[in-house]
Amino acid sequence: MTVLKRIILLGLVIGVILPMIPLFVWAFSGSWFYPSLLPQSLSLRSWSYVFHPGSRILEALFNSFFIAASVTILSLIVGVPAGKAIGMYRFKGKTIVEIILLSPALIPSMTVTMGMQVLFIRYGLSETLMGVILVHLIPTIPYMTVSMSAVFSHFDISFEEQARSLGAKSLSTFRHVTLPAVFPGMVVGAMFSFLISWGQYVLTLMVGGGRIVTLPLLLYSFAVSGDNSLVGALSLVFIIPSLVILVLSSRFLTGESSGMGGFGGV
Amino acid sequence: MIDLRLKGVSKSYGKNTVVKSLDMKIASGELIALLGPSGCGKTTILKIIAGLQQPDEGTVFFGSQVMNSVPAEKREAVMVFQNYLLFPFMTVEENIAFGLKMRRTDKAVIKERVNEILALIRMEGMGRRKPSELSGGQKQRVALARALVLRPQLLLLDEPLSNLDAHLRDEMRELILRVHREFQVTTVFVTHDQEEAVLLADRIALIFEGNLHQFAPVRDFYERPQSERVASFFGNSNFLKGFCSGQAVETELGAFKTPLTGENESGRTVSLMIRPEHIIPGKGEDNSFLCPIRSKIYMGSFIRYRIEVGEGLWDVIDGPEARKGYEEGESAWFTFPPHMIWLV
Amino acid sequence: MNRNTAAWLLTAPALIPVLILFFGGFGLGILQSFSFFPLIGLDTPNFSAYTEVLAEDELLLSLVLTLLVSLSATFLTIALAVTAALALRSAERGRRGILFLFQFPITVPHVIIALGALLLLSQSGFAARLTAFFGIISDSTDFPVLVNDRLGLGIIYVYLWKQIPFIGIIALSVLQSMGNDYEELARSLGAKQSQVLFHVILPLMRPALLPGSVLCFAFTFGSYEVPFLLGRSYPSMLPVLVYRYFTNFNLVQRPLAMALAVLITLFLLVTVILYKKFLGGRNRL
Amino acid sequence: MAPGISILSEVKNINKKFEKYALKRAIVVIPLLLTVLSSLSALGRSDEILPFEERYQTMDWEDIVAEADGQTLYFYMWGGNESYNRWVSSWFAGRLMEKYNVHLQMVPVDGPGVYINKVLAEKQAGRNSGGSVDLMWINGENFRAMKKADLLFGPFADRLPNISYMDESKLEFDFGYPIEGYESPYGAAQSVFEYNSARVPDPPSDMGALLEWAKENPGRLTYPAPPDFTGSLFVRHVFYYVAGGYEDFMGPFDEEIYSRIAPKVWELLNEVEPYLWSEGKTYPSNLSRTQDLLANGEIWFSINYSPDGAADYISKGRFPESIRTYMFDTGMIGNLNFLAISFNSNAKAAAMVAANEVLSPEVQYHAASPEGMFWMSPLDMERLPETYRRKFESLPLAPSRLPAETLNRFSLPEPGADWLTRIERDWQAEVLRK
């Protein structure tokens, strides 16, 4: 049994790491032709491009970060109350609310992209940072509400009532009583929101249209270019911030107080 | 049926030793309670017997067979968990049939035995229900039935009554006793409630912090506790320190006559114990002392005095019609019959 | 305040953008799939785009391929995720590190891993170089075609890479909240290790794995990025077909794109309902 | 129990409730919403000065330059080549800023489909000014689609002073479609074959020989699947080969000619298919995948629109040194690529300035130089000042680069765009799916 377990874990580690290896090596390679296991020459060409102001990569990095952070905050603002309502109350039309809020995760984005593009142009939101943030908000809502409604459904409202009767004001009730109880769900919801925004291509293209340059836009323009070295370097630029996010939220993903519960319904 | 023997069994989790070199012998057909406060290692002992956990040291015998290397599923010992753990995705019938199905028992046999056991737990006709449609008491009965249907040699019950309401407890207790009688199955159950242990068990094993403190018939725990701690776990007791002097014990109140024979070493410090209900208000032949009454509370079916005995306060329980009209604040005579005194 | 009103007020901030923007866009998409767009003078709705899409001879093959890829990706994801979660639950040495690594793919966008898979699995990729290095293959053409292949293996690999951790973490949290009790109980009742797994652990986990796997299925069925990079030119998966219509320089094809997208959405809704009905009807934990 | 699951448990209600409420409501509400919004936005518009498109024909070039001063110009282009991106976003943008105070912002995207869709969506939404796309890199089918849909500004090419360095005959048609001044040249493309000289010392001299060669060397040839542009380029060469020249395809689409040639082409391509890379079961999706195969020695031939691509890749280490280029003795297709301006751009003056600037000999020379981006200039060398002609001639030639004289001598024109559409569509039906 333990041998089997070791094999599974080893397979897991290899399976995760293996496709990252060529990306990493290519990022620092000049030439790397088949069948060589190691690059024929190393080069920082793609990195000089990454830091070249004309490449707009650093600008995109900043934009992506600003947008993803704003989306995360907005998603929390709209998602936490919605999650609370769904997790804690029974009310008329709850089912329809749940379906509406979940649909951006179930309906393929292509079905709505074109119509949304027209709407954004008409509302004067296209080519604006605000528009990009707003459009990114939509696919994050299902993930945020599911995470939040899960933690709220375990939350006993009498804690809040007790705190109030002990004289806590509603803000401090939230801070000292509600927040700690629902925090894991908030972290997981926030993580998903950040990552969804961080990796968003189609919606950014459609609304930001290139005026608002984000990392995925630049990555996609190289995705089919075959410039493996640049693809590798851009991928690393892409992954490092998301790694930081993972470090911050890792412990809430698994363990006793996992915030992932909502996706399993446990 | 088999005898069960534990020899020098120890178990630790990290630095925390939960069972300390436990020796215990249970005869075939006995009904035994493992009693102790929460977290004293009772459930661990049960799991060691069931084979769900391995002891770090020591041996588990079923009869003369060493069981340590026998996996749980091969032992004729079935455990019933505290929180029922009915499989939510199975019906009552499927739950009960689970163990038989795992043993690849013939389908017809399974059906027959399931129906038989459903009748025993008085749940005929409820076999198709889902656990979520059952009451707490019904769940517990199904959980018990699920174990019994396997006709185990050894039935291990973890806190079988703790999750039930008061009136359901009586019912369940009846069922356990009935099952034990009918199946003649050696039964070990875990509880933290001494009353439950007293009502059900032939013998009780009292465990504190993984140590077996006393393993004896129920009556002994009242009358012959082996320590102050054991005594206080079994109801209210009054203690007074003193030292032996011949057949008497010298205390700050004076000399108490005791049921001691003369073998006791003079000068040894002992604790003198007497239960509140054994103290007689009024002056008697031996061991009568004048004690100040701190309080007197009318409790309906009895009256409770709190009296000063030396430095401490003792409880005295008197019948509803107080034999003496003692009042709060006065000093009065109380008699401590020597045959009711136990030294620990 | 009435509880209904309170609940609606609480959900309003999330509902409004979804309703206006998402369903607004959805509505416009549906309208355009009926070749109905008054703004540019198309004001008689009709089914021509649907009939044309349904007559497309690539459609059936495309549907088969899409089903093959998304179903096998979903079921393999569940199987491997449960396996991984079971192994991770009781892992002791290096557990934190392995767990972190296990969570890592959640943070990596699909494009990146698709590109990584391309560099790893193509016939001149890293895997082919490794096998050549160990003398297993002598020429790059001996290496099996794993990307841009007939069965969508490369696509499936990328989806597995992304989704196993997602489902696996859900599975792990179910296992953790389940504790050891059910397992011990089952063993005490005489179940062997394998019986415990198939008769107890898996059924217990099933309701929890359902929502996540539905999300995975919907995603693999409806998104084009990965098959666009790793699929073959013919037949292509349905979302790629939509994308091709959508980006075609011939602007007349846009209603076709929307019609096919609407059909995909309908298909997904029906599948989800059936899936739920036949697999998810059992009781919850 | 969390609602995640209960949401799904309710999915069966979708049929009833969802369709009943959400869908109906969306159909009713959205057009209403749009009408309201469009009338609102119409109210907000005012006409203080005449828009640029109504004045530019009567303006002097100096006035256009003056109007461009301070404008920001969004230049949408395929962003898959680092050298192009660098050159445009730094050298060329820097020059525009310095000389004209025009702020050029490069917007790298993954293909022209992106900006076509964008401008189209803006038109559908009624946004007739302040569009997001100003200048774009375009030609052929895409140009035709945009011009047909009235998405372009023009005519403007004839107003550019530097257009005089061009051969007028090249300004009439783009893939057989009349340009009419709606785009101005940016660069030139001359297709060549890239091949691995270490493997193939003596490359086949025409398409027939190449296809024969492929049968003798299984798995070593492939081409991107049309409608990929380079892939359809390969197929166009097969058409020229079968027809024995390009002349048949110069006019508008002719069904009679097509049905005479096409079946033979498909037959030829199907015949060679099993000998292609991957046994012809699949085709690379684009040029760069094909070039990747070439770089790694999987295939030994790859067709490319850019005669300088190989030199550029070798200098970056993306190709081994052994890659060379050559042309068929029977000639190979060349074309021009262009810049176009969107109908709703707010920086049309700046866009014209940029389009003019890119045609100046100095800029073209820098682009062509190794410090630039190995660019193939569209300018007519005969019309350049003597000094620039010399400079162009003295550009160092990489071993993989054919001399300009060769490129020009073997250059063939593109067929008309109608032909192209038909060829691409039928290739899918006749070759890919068989």
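Labels A, B, C and D are assigned to the chains in the order they are written; within every chain, residues are numbered from 1.
Note that in this section a contact is a pair of C-beta atoms (placed from the backbone, for glycine too) under 8 Å apart; a residue touches a chain by one contact, two chains touch by 3 or more.
The shown structure was predicted, so the numbers you read here are calculated from the model rather than taken from an experiment.
Comparing A-C against B-C, which pair counts more contacting C-beta pairs?
Most C-beta pairs in contact, of the two: A-C.
So, what's the distance in Å between the C-alpha centres of chain D and chain B?
Their C-alpha centroids are separated by 87 Å.
Can you compute the centre-to-centre distance for chain A and chain B, using the mean CA position of each chain? Integer Å is fine.
55
Determine the centre-to-centre distance between chain A and chain C, using the mean Cα coordinates as centres, and give it in whole Å.
From the centre of chain A to the centre of chain C is 16 Å.
Which chain A residues reach two or more other chains?
Those would be 33-34, 86, 100, 114, 117-118, 146, 220, 223-224, 228, 261, 263-266.
Where in chain C do residues touch at least two different other chains?
23-24, 26-28, 31, 124, 140, 207-208, 210-211, 214, 229, 246, 269, 272, 284-285
Could you list the positions in chain D whose residues touch two or more of the other chains?
Residues 1, 4-5, 7-8, 11, 14, 22, 34, 38, 114, 117, 124-126, 285, 289, 292, 296-298.
Counting only chain pairs that touch, give me the topology of the graph as line, ring, star, complete or other.
Looks like something else, not a line, ring, star or complete graph.
If two chains touch, include that pair; go through all of them.
After working through each pair, the chains in contact turn out to be A-C, A-D, B-C, C-D.
Once bound in the complex, which stretches of chain A touch chain C?
Counting only chain A, the residues touching chain C are 1, 4-5, 8-9, 12-13, 15-23, 25-26, 33-37, 77-79, 81-82, 84-86, 89, 91-94, 97, 100-101, 103-120, 134-135, 137-138, 141, 144-146, 191, 195, 198-199, 201, 216, 219-220, 223-224, 228, 231-232, 235, 238-239, 242-243, 245-246, 250, 253-256, 258, 260-261, 263-266.
State the interface residues of chain D toward chain A in the complex, per the touch definition above.
Listed in rising order, the residues are 1-8, 10-11, 13-14, 17-18, 21-22, 34, 37-38, 41, 74, 76, 78-82, 85-86, 88-90, 93, 105-110, 114-115, 117-118, 121-122, 124-127, 132-133, 285-289, 291-292, 295-298, 316-318, 320.
Looking at the complex, which residues from chain D come into contact with chain C?
Touch list, chain D to chain C: 1, 4-5, 7-9, 11-12, 14-15, 22-23, 26-27, 29-31, 33-34, 38, 111-114, 116-117, 120, 123-126, 141-142, 144-145, 149, 219, 225, 278, 281-285, 289, 292-293, 296-298, 421, 428, 432-433.
Inside the complex, what are the residues of chain C that reach chain A?
3-4, 6-8, 10-11, 13-15, 17-29, 31-32, 83-84, 87-88, 90-91, 98-117, 119-120, 124-130, 132-133, 140, 161, 165-166, 169-174, 176-177, 193, 207-212, 214-215, 218, 221-225, 229, 239, 242-243, 246, 254, 257-258, 261-262, 264-265, 268-269, 272, 284-285
What residues on chain C touch chain D, complex-wise?
Result: residues 23-24, 26-28, 30-31, 37-40, 57-58, 122-124, 140-141, 145, 148-150, 207-208, 210-211, 214, 229, 231-234, 246-251, 269, 272-273, 276-277, 280, 284-285 of chain C touch chain D.
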